[in-house]
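Naming follows writing order (A, B, C and D), and every chain is counted from residue 1.
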Amino acid sequence: MDDPVTTALTNLLHRLSPNHTGTVADYIPELASVDPNSLGAAMVSLHGDIYHAGDSETEFTIQSVSKPFVYALALSDLGLAAVTRHVGFEPSGEPFNAISLEPDTGRPANPLINAGAIVTTALVAGADRAEKFARIQATLFAFAGRELGVDEAVYASESATGDRNRALAYLTLSQGVLAGPVEEVTDTYFRQCALRVTAIDLAVMAATLANGGVNPVTKRSVIDAEIARITLSVMSTCGMYDASGEWMVQVGLPAKSGVGGGIVSALPGEFGIGVFSPRLDAGGNSVRGKAALHEMSQRFGLHVFTAPTGHRSPIAASDLHDEVLNVQLQGEVDFISAERIVRHLQEMAATYPLSRIDLDLTHVTTVQAAGSELLTATFTDLRSRDIAVRAISPDPSPLLELG
Amino acid sequence: MDDPVTTALTNLLHRLSPNHTGTVADYIPELASVDPNSLGAAMVSLHGDIYHAGDSETEFTIQSVSKPFVYALALSDLGLAAVTRHVGFEPSGEPFNAISLEPDTGRPANPLINAGAIVTTALVAGADRAEKFARIQATLFAFAGRELGVDEAVYASESATGDRNRALAYLTLSQGVLAGPVEEVTDTYFRQCALRVTAIDLAVMAATLANGGVNPVTKRSVIDAEIARITLSVMSTCGMYDASGEWMVQVGLPAKSGVGGGIVSALPGEFGIGVFSPRLDAGGNSVRGKAALHEMSQRFGLHVFTAPTGHRSPIAASDLHDEVLNVQLQGEVDFISAERIVRHLQEMAATYPLSRIDLDLTHVTTVQAAGSELLTATFTDLRSRDIAVRAISPDPSPLLELG
Amino acid sequence: MDDPVTTALTNLLHRLSPNHTGTVADYIPELASVDPNSLGAAMVSLHGDIYHAGDSETEFTIQSVSKPFVYALALSDLGLAAVTRHVGFEPSGEPFNAISLEPDTGRPANPLINAGAIVTTALVAGADRAEKFARIQATLFAFAGRELGVDEAVYASESATGDRNRALAYLTLSQGVLAGPVEEVTDTYFRQCALRVTAIDLAVMAATLANGGVNPVTKRSVIDAEIARITLSVMSTCGMYDASGEWMVQVGLPAKSGVGGGIVSALPGEFGIGVFSPRLDAGGNSVRGKAALHEMSQRFGLHVFTAPTGHRSPIAASDLHDEVLNVQLQGEVDFISAERIVRHLQEMAATYPLSRIDLDLTHVTTVQAAGSELLTATFTDLRSRDIAVRAISPDPSPLLELG
Amino acid sequence: MDDPVTTALTNLLHRLSPNHTGTVADYIPELASVDPNSLGAAMVSLHGDIYHAGDSETEFTIQSVSKPFVYALALSDLGLAAVTRHVGFEPSGEPFNAISLEPDTGRPANPLINAGAIVTTALVAGADRAEKFARIQATLFAFAGRELGVDEAVYASESATGDRNRALAYLTLSQGVLAGPVEEVTDTYFRQCALRVTAIDLAVMAATLANGGVNPVTKRSVIDAEIARITLSVMSTCGMYDASGEWMVQVGLPAKSGVGGGIVSALPGEFGIGVFSPRLDAGGNSVRGKAALHEMSQRFGLHVFTAPTGHRSPIAASDLHDEVLNVQLQGEVDFISAERIVRHLQEMAATYPLSRIDLDLTHVTTVQAAGSELLTATFTDLRSRDIAVRAISPDPSPLLELG
């Protein structure tokens, strides 16, 4: 018996299958040798469950999909402030290989265009070229949860023809923002782009970003939650090059594509997605990969700015006996739930004499920072008026600990 | 007794109050006559509760903050496809008054730069200038929940000095993307920018976007949920002009600023925010307005790409008696909760003989599209294997109706 | 009996006649109604002789060919310094209708792109629109040596569709470099462009520039020699828009084209040329007009940077009798002739006792500033050593008066 | 006894001497070690006479002044058509180190910006790097008339810091317009820029261009006249980077500057100039070098578009005896002189019976192509009407051979 996610992925690929528009990248012959009809998709939930369909275990080169993950590594090594002295985070309104250096600082506009990605690769800590690449490889392994090999033929060919990237490297070097010798840095960059991945790998990598930096399959922490958030933010404004704004309107998920035919995308707190289909549109993005994400977003309402269609109250029950108020909460305690809970507690305290409030958190599933902040402030206020407050929970969970 | 939101806003403004950097817009004398030390903030939850502090009832001109709302009106009038023939949605990497017309189509890059906003205003339906402006005014009234007057002195002065905007209008007219006579359109645009609002108004307007187009205070539907989503998407990539990428990294909320000193921002499903402080930075954004949103985002964890720190299971209890499985759910049924529920149901059905499954939705607070889709597919599958499935809910709620 | 210039022009047009590539400007129907096969050319020497062939008396609208002449008028009215505060003189590397405002000053790059031409028209002195246009018309009459009428249909149509030009006018107005109300200025500009000229008119106009501002047919002084020189200089670097560099390489004559199919060109000190053929290339220049000038330049060696193939000495004879040196000069006394003369005089004075030098200027045709400067300095030096110096000329000519 | 040219140069330098504005190029320490107060100038006439003053024999590195001469060499090796496939000739409106590649072809805009100069250097014929540089060095020797050494310290330092130039080289390589390996080409380019010259060398080099490619001192032919013309044309529109238009207006002579402090300039048919003063303005041009050329142009009326202030007739005398017309010509037979001569001959032939015309060329100093063309055509015509025509010249000179 198939699960519905796998069924949905299978059906989606079936519908997209006849679409043969676009052309496989052929600036090097090694890329053109891929089967143009390959089509695979995978989805990994934050519980670590892996769903996949089609050619989801076919290997292809990661190419530009590596950029956000190496950016996350550089942020881990140096922190945002130091990295930002070398590369910005503004959409450039230009194609992937545009020069897009900021006039005043000489920084590449963002880490997801080639110039910015090269500068980012140079920032990765390491005593030499070998150590830097070893750390990049190790980090991408940790994101993917398995070892990834280098496609040596693609690497050699990209290195042999990568003169525009060398030009971008020399430009950033002459602007003082490239932290390393051009040949070393571009060599590392070409190797990084030639790592072999599958759609499943990409989904696990994206799920790691969606899960605050913890790989949901291996449960290993790869990067800090704040860095995962920054990386997703940059993907949301710059991930699809000069079509990033349209992507945000139409799909509404942070994403990054590569000329190998792969796209990663993530819904924070929910899942990661990896798709693979080698035929590209004029902008260098996988035609069916984009279509798959577009349909998934629309069908399942995944757009990050989708407003919820309704909410039941976070207060499941509220009983007052002998100056003791027992309030049973349910669901997610975010800002808006906390606001309603606070209102209720304040109204009750203003209307009736209360000696104690018991908050039953049995059916609460999560407490967000905003909810915690509001409830804690209210508890302090109630206690200052001699009302005891207790949070009752069936299990000790750090996220449900309220002041 | 003050509520904690008001307290938090009050403390925030207190901390920001000594910051006197930036300068009030003075390209027309009428703008420079505002009190530069004004500082106000308001927050409106999707329940319709209004929190505010400081100079939150001081009126100022809406200026560019009007742009996303008029864009939403144009989308309502014509639909996305027709509007997109006239104005794009890509970040331009350029200042508010940049020309930024796309080379091939002649379209302004997006509706939040001046050229795009003028083109958008021209798209609003209406027999003549008066009717168009009446509809814009009525829409902004509906967003704000109260009537908004025009600052006639600001309007007259902007009209007298608005030659660059006339230039942008003539450029778009000559490109065939401006749908109206320049003088009429710019006159309407200058009027629209001169509407008087308060920080509270802005918060209600933003909350309406966050609430899927329904004003949470008046409960009136202003625009469709899809249009609210598109509008927020464009704000997220283009709202802060050439610093939109940094804004997304640092604050992570869709926003739009105006030279009058106002900024709107929204967290979909939660609340809208309006801030007002007239001193602007070099990019034309309110210095303390930006600082206020930055601090709120960091303190309350509001960034849209923040990963949750943990989740209790959506399954509160699961009991099997006489081939009847009773599963008690709790919290939000989104993709990831539904995935866990589906796994549990499939495992139970594979392990034990079942004649019926009762799903108790009493403590479920919301069901998202992705959750509904997965559960419904699973129900169908279970029923095909002669297992009855019932969803039990204490109240009839359309959003909790499952297959 | 035909003169050889007319014969050459006639043969040239005959050779070009079969070339039907290019398309007539049709952005307004009035321009498209011209006979696309029209082909005319005229050449006017600085003696005022007019040579012409083909449709050299067919009227067409002057369009952008008016720009250098109105620039010359603005320079006459205000001087170079004042005009330069409003419009630069740098090639922009961009098409005629590019925006090309300098980032720091807001000035249009040069007076021969539309933005710069509009700013230039606004600088023309005059109490009102009527007076300004009257002065422009009078100046172009003076350049052409006859009255030029306005094509009212073209004027009306350009005015009706001239939104891009209005945009450029508003842009320059908002930058503080347009000296007048947009509607007035653009109206004057559209009228100026709709003046009707013939190839002969253009040749006379160009010859006036080549003749230091004096119309060689009417003998009337139209502008100062310095202004003619500035105007020709700007034509040489900016006259053919984004192909000005290639023009200078291939043709080597200052020129200016218009979408009406006309081109003017001039060889300073020699002649002016006007050609007319309405079919335009992608850059908006007359196809056969360009070809005609190209062939004329190559065939007759007209390129301004052509080095002479040889020179006979400026010293026709030199006789010494009784300490009196009689030197018979010939030809043009420019820098290089003067240098040789000076060398000779100094050597003679160093070698022989001299009491007087008689310089016979009978066969000298012109004395340039550099020549005059060198000879005068030498005369002073010789006189200080008690050698009398006399310049002997058969007729009193100011240009032959030497120290 | 000083000649007046030397005196004029000496006085000019004296006037400019107190001007200490500008700063010496210091992007490498070797350039900053020059004496900033150095000031030299030289002028070489097409007769080969050398005038100089100040630090005219001080050596400095040629830098960008080498560009037009290497361009001339590449044109000699490949011809204009082949070279033009690699580098254009349009002014870019941008600084010397701008990228300025044409969007469609990827060609650098012109050979006088760095990107174009690097591409040009790569086009020089030669089996390897050593041979290419040997040919460049030999060509510059031929232009200067003496051996020029390489400043090894400057070369080493430019090579060590020339990353922006390497970037430009890789960009053009990736566009398919660079004809060689980046390291080889940039190494050759850095060597070429480090050649040591004096102001006198520059004047001889410029005079060679002014003299149609023949070094007027050594009398050796270095390049073809047509290539000299093309080179001067490109210098006239692109030689002073983003101030080339202003230079043409103010000075009116083709020129090229270098960051070493040198400027070359030339007046075709007259002379070459070299100036040297190391302090540069913001555009990278020698402050006093520009001032010197500006003053020389104004004082001596050297602007190429200066109209002559008057001309005596090319017909010195005309006598008719016994059907034989004897016409004594004088001066330069250019278009305009020939036109007058032709008119006179035709009028005489139409009015009187003529059996022969004798044209006395004794006092003719030069015959230009246009003059030759017109006279020859007229002779043919006269002969067809049975009028004999003879050109009488005191000496056999190819340039005076007419029909």
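By definition in this document, a residue touches a chain if its C-beta (ideal position, glycine included) is under 8 Å from a C-beta of that chain, and two chains touch if they have at least 3 such contacts.
On a predicted model such as this, the values are computed, not experimentally measured, just so you know.
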Co-neighbours of subunit C and subunit D resolve to none
So the chain most remote from subunit B by C-alpha centre is D
Rounded to the nearest Å, the gap separating the Cα centres of subunit A and subunit D is 61
Between subunit B and subunit D, the Cα-mean centres are separated in Å by 64
Taking each chain's centre as the mean of its CA atoms, subunit A sits from subunit B at a distance in Å of 22
So subunit B residues touching two or more other chains come to none
Among line, ring, star, complete and other, the chain contact graph is ring
Chain-chain contacts, ordered by label, are A-B, A-D, B-C, C-D
The answer for subunit B against subunit A in the complex is residues 1, 3-5, 7-8, 45-47, 49, 80, 88-94, 100, 109-110, 210-213, 225, 228-230, 232-234, 236-238, 242-246, 248-249, 252, 254, 267-271, 299-314, 316, 330-332, 334-337, 339-340, 342-343, 346, 349-350, 362-366, 368-370, 373-374, 377-378, 381, 385, 395, 397-400
The answer for subunit B against subunit C in the complex is residues 99, 163-164, 166-171, 173-174, 182
